[in-house]
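One chain, chain A, appears in both complexes that follow, with chain B as partner in the first and chain C in the second.
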Partner chain A sequence: MKRRTFAQIAALALATGFAAVPASAQDTLKVGAVAPKTGPLAGGAAVSYWPNVKLWVETVNARGGLNVDGKQMMLEVIEYDDQTNPGETIKAVQRLVEQDQADIILPPYSTGLNLASAPIYHRYGIPMITSTATTDKADELSAQFPNVFISLGGAQPIALGAVEVLTELRDRGDIGNKVAIVNVADAFGIELANVAKPAFADAGFELVYESSYPLGSQDLSPVMKAVKSADPDAFVAFSYPPDTFALTEQAQIEDLQVGAFYTAVATAFPSYAGRFGESIEGVLGIGGVNADDEAFQTYAARHEEVTGAKPDYWASAMVYSTFEVLEQSIEAVGLDNAAIIEHIKANAFDTVIGTLDFDENNNNPSFWTVGQWQDGVFKGVASTGREGAVDVVVKGPWK
Partner chain B sequence: MRLSPTDWRNLTLSALALAFVACLPWLVGNYGLSIGVTIVMYTVLATSWALFSGPTHYISLATAAFFGVGTYVTGIGIEYLPYWTLLPLAGVIGAVLAALVGLATLRLSGVYFVIFTLGLAEFIRQVITWGQNVSGAKGIYVLTSITEAHIYWQLLGLAALVYLLGWAIGRSRLGFALRIIGDDEQVARHSGIHTARAKILLFLVPGSVAAITGAILAPRYVYIEPSLAFTPMLSFQVVIMALLGGTGRLWGPLVGVIPFTFLWEGISITVPNQTTLLLGVSFLVIVYLLPKGFVGLFGAIRRRMGSEGLV
Partner chain C sequence: MDIIVTGLLLGGTYALIAMGLNLQYGMARIMNLANGEMLVAGGFAAFWFWTAAQVSPLLTVFIVAPVAFAANWLIYIVFLRPLVKRARSRGQLEVDSILTTFGLSFVSVGLMLAVFGGDYFSYSYLSFPVHILGDSYGANRVAAFVSAVIICGALWLWLDRSRAGLTIRAIAVAPDSARLVGIDVGKMAALAFALGGAVTATGGALISTFLTLDASTGVMFTLKALIIVIMGGVGDIRGTIIAALALGLLETFVATLIDPGLTLAAAYLLFVVILLVRPQGLFGRRTT
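For the complex of A and B:
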């Protein structure tokens, strides 16, 4: 009996899986989204990606839908979990195209998963405006996959942004010349550190301590003790979400007194402020936004209202902006993918992060590189050409 | 080796079946093909896994390690070598790695082996990460013109090889020796069988095959980084699928892979937010209700029908 029950459940699962999605009314567009809901990157996607999908669809539907060739179409989302597995991302995109016949397919989440699915998007000719992929190879990628757009920048400008900000603080006389650099021994951390170290040396800084620690290190107190004993004027960590939190906590425990404290990924997350409260005043990190801009403020308020969570101050607004680019392009030229891609290449778009204008390599040349917590908001202090940067301030003692 | 008429019949039928599934790219769309790639990939991995783990009862969780090494062979090698040399190269590197692991662990038995193989994938991943840290290179881009259909056909060819190899091993002295080791290692040793050597020789098969599979699939991923290439999920899924099918017969893993792929697909489509939970539940169901897999189930049905005089 039990075996039969199991067989029935399995059959049911299969049947429901393969039954076509209920035939929808003609004035509905299916929007497909594939990103991690489980696996190592699920946490990041839950902050920066999924809430924006929800917000975008609700916003478009609230204003009466998308205007496609003169007809108002409501949006309906189909969400798939790729389990942070590129094979699953590829399969889910194909499923969206062929089984679900989705009209719009959003790009996936993270550098690895975006690049893994680029050939599939390319084969179907789908415009892929990535918002969570960082690469310094935008030119090569756009040569191979002309449908792919890069908006979040690359490691090189991000690392150089950190050097630039610290140089400014030093030249103003706010900090001294000694800098300690640590990095997580994983892809993005390594790349950033390798750009930053020679750049700091060239800028005349003295590297009094440098070290890396393995991904997933639980105890970073030895690292912070060593940093403290090197007595630096500035601390730079090219870190990932768990270690960004751990290093900040250890720095407070060890009472590391530096005029510039930089941690990388996740410094811009609202949960970072939630965890450390006012003590992070003056902390630097990757990202930033034009916090005084009205478009961003409206977006942040809507984000909190619709999804119940604050956006982060790096990728969130960028993710939403790329959805807006797609939205505006569809309203301009309809659902013809080739025409949409041409439209994106040829035009500049007004979005929540300001103007988004892709260059001849399908790359967005102007993005935020460094932000700083000032009065509870993570404000952009350095960028590659965005407006609204505020002056960087020297960090006081931990509160 | 002399083949009986039954062998010839089975070989012919297998060849016909292979020819039929090779036509898949023309029969179904891209989505169907991507399911086909998944099925053949797991068939290759689970069957080669069962070739070793079936008779010896050693549960190996090293699939991800060999698979990841294979993807890196293609990822790094494609810049310097012609593509066709990479697959044999991955096979050789996988076999050498398997031999080293085998020499180190197969003299031990039971849980030591399981733990070591689980740690192996993590170990190699850390070595590659360290290499990246030293060299400063991040992920590797594999930009080729290899299509999904090419990958599918390569995997099918590999599957045919694995079946032939499994069939040949089953008929050889090595296969016989392994069955005795699986029943009782003491007895095997006292019968004069060099048990360690037999196990190491057989362990080369899943090692080498998983590395080749990784090498074939690398162009599909375009961008390779350690956390994606060495995902431990892969090792567990291969074990689950092989156990679902049953390891007693050569075709056992295949009848596990096919329903599991569709079940997994059904779960991903209908409840995308609870995939991992349901994977765990289905694993429990399989272990409790089908301890010997579908192979055992078919055997039981056949016996029951036989006792009722139906067959």
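For the complex of A and C:
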């Protein structure tokens, strides 16, 4: 009896095995994704990157797969954790190509990891439509690596966006011209602060306080106390997620009264609203989306349905729309990497963030720079040419 | 005055971070590199109870502490006791336990990623100002400081006055001689290790009210705890408290009067100076 059961099970396993092998060999495409699941950037990737990989694959499979040269192919994901370590990102890409023989490889997460792995993507000729990298050197990058595309914008326009929004508020008479700037002492914070400080001075603002703090600071109350005693009309922080939360909380504790309060990464995260509730009405932050647009709202609803979490109001939709660009290009020209790259260069794409059209430097010239929490939604208030920006409002007292 | 209060509050936070490691390293002789993960797990429990059922983190600690105690007891029995048994010298145990707990820290990060996800967990609790001597401070930081005082005070009294505390101090000072006077060294070491884990997880629950944590932030806390424990002197509660407060005061002093960018540099400078002047730590005993 026992032997027979075993034989039956073995036969069954064999049969399903044989049935499954040809199916997987022919009708599925392997999609490789490498990004942080651990390390300093894991928290950001868990919000903006990984849910979109899942959502994209599920969406494509739900409509019957990807149409490659007239054949419907289902997608299957291979995920690697690069531990926020550029060396690991490069190794994982090599592994995806050499060992897993992935058909599609998605770009990694964050400015640093994208820049570090651009050469390896280039060596394999993989189209790399980055969605979480901000750089001002798109022209140099695309000259060296013509397979790399930049969609999230550059540090310079993003910092200047903050200056522009504050200038508008001041010229309307909503705020005075005293501004306090702090930044995290890291490539991202230093670069943005270095662009913003002279730009604020040129715009006629007075810098009443400026300072940086180390990455991972456990107590930012001395910083906020110093800001408060400088009595600014506007506060700008080029901050990372844990400090964005800490600075906002400290500003509420110190009751910092400013007409413009700007923090950077994580201001657009749903967990920011989840933590501070209605008290963040009028808070400005990096990024933004056209939140009233139907395509974004449909995307946000699907994102929540499939992944159980809301998308953020900046990079999430951008990540997804670059996957859409790849999807549309593959359906147009098949799995030929060189042809895909040419197709992306030559065409404009209709995506969840609107039209995405790369310029001659493989750069997306129109992106959101500043958003603002208004009535529980983080709406884009400044961009370099995207549609749907709402008017910026002066921030009232903390509630 | 403002600097002193802010510095003391930060010092209280540091004491919460480091006290558990001191019990595990100083008393149970296990250099636990997975200590920070236990802290993050405690923080996650507080986050979860608060968002799911609005249970105050100050009450959650009464659930977190016994669960962490039991979990750390198990970890000690399953993973660490075999190392203690086969170790011929303290040095060998130290190397073995560092390797094992280094591995355990990866396992814990992986488990936490699977269970909690990689997202930041942050929530607002007691985030209103309280006024002390004319300045305002976050109520959650004050609550954590008060808890730190209670926990450290209770630990010190227990170790200094009770019979069980005496035996634990005995195994910390001389594990081999302790066995000769009828102390069950294995059992007491497991107790110290489990207690250290419980204190760490409690600290995690308390500091999660004002710090934003995610599954992989544990290592940052392990490092900070290690610095404080070594500065204060391994195996001495008073040393850890003094070192934590000194570090908090110094960082706040530098951030306020010089530049917030130099806090880390100042902290490590203090560490180096103490190691140069007193290699065994402020209250440590010179090893023979």
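Heads up, the rule we're going with is that the second predicted complex is superposed on the first by the 375 of 399 C-alpha atoms of A that agree within 3 Å, B and C clash if a C-alpha of one lies under 4 Å from a C-alpha of the other, contacts with A are read in each partner's own complex, and residues count from 1 in each chain.
The rule is short, and it goes like this: a contact is a pair of C-beta atoms (placed from the backbone, for glycine too) under 8 Å apart; a residue touches a chain by one contact, two chains touch by 3 or more.
Remember, it's a predicted structure, so these values are computed and weren't measured experimentally.
Participant: Touch test for A:40: chain B only (first), chain C only (second), both, or neither?
Facilitator: A:40 contacts both chain B and chain C.
Participant: Going by the contact rule set out at the top, does A:275 touch chain B (first), chain C (second), both, or neither?
Facilitator: Once the two structures are laid over each other on A, A:275 reaches chain C alone.
Participant: So, does A:111 touch the first partner chain B, the second partner chain C, both, or neither?
Facilitator: A:111 contacts chain B only, not chain C.
Participant: Report for A:191: first if it touches chain B alone, second if chain C alone, otherwise both or neither.
Facilitator: In the superposition, A:191 touches chain B alone.
Participant: Output check: A:261 vs chain B and chain C. Expected answer is one of first, second, both, neither. What do you get?
Facilitator: In the superposed model, A:261 contacts neither chain B nor chain C.
Participant: Given the touch rule stated above, what does A:92 touch, chain B (first), chain C (second), both, or neither?
Facilitator: After superposition on chain A, A:92 lies in contact with chain B alone.
Participant: Let me test your reading of the model: by the given contact rule, A:214 touches which partner, first (chain B), second (chain C), both or neither?
Facilitator: In the superposed model, A:214 contacts both chain B and chain C.
Participant: May I ask you to decide whether A:50 touches chain B, chain C, both, or neither, giving the answer as first, second, both or neither?
Facilitator: second
Participant: So which bits of chain A does chain B touch that chain C touches too?
Facilitator: Residues common to the chain A contacts of chain C and of chain B are 37-40, 185, 212, 214, listed in rising order.
Participant: Give the list of chain B residues in touch with chain A in this complex.
Facilitator: Residue positions touching the partner: 29-32, 34-35, 38, 126, 129-130, 132-133, 136, 138-139, 141, 143, 217, 220-223, 225-228, 231, 233, 259, 262-263, 265-270, 272-273, 275-276, 285, 289-290, 297.
Participant: Considering only the defined contacts, which chain A positions touch chain C in the complex?
Facilitator: 36-40, 42-43, 45-47, 50, 182, 185, 211-214, 216-223, 225-226, 241-242, 245-246, 249-250, 252-255, 266, 269, 271, 274-277, 309
Participant: Mind listing the chain A positions that touch chain B in their complex?
Facilitator: 2-3, 6, 10, 13-14, 16-18, 37-40, 79-81, 83-88, 90-92, 94-95, 97-99, 111-112, 115-116, 118-119, 123, 137, 140, 144, 155, 185-188, 190-191, 194, 212, 214-215
Participant: Quick check on the complex: what are the chain C residues that touch chain A?
Facilitator: For this pair, the touching residues of chain C are 2-3, 6, 9-10, 13, 109-110, 113, 117-124, 127-129, 135-138, 141, 210-212, 214-217, 220, 224, 248, 251-252, 255-256, 259-261, 263-264.
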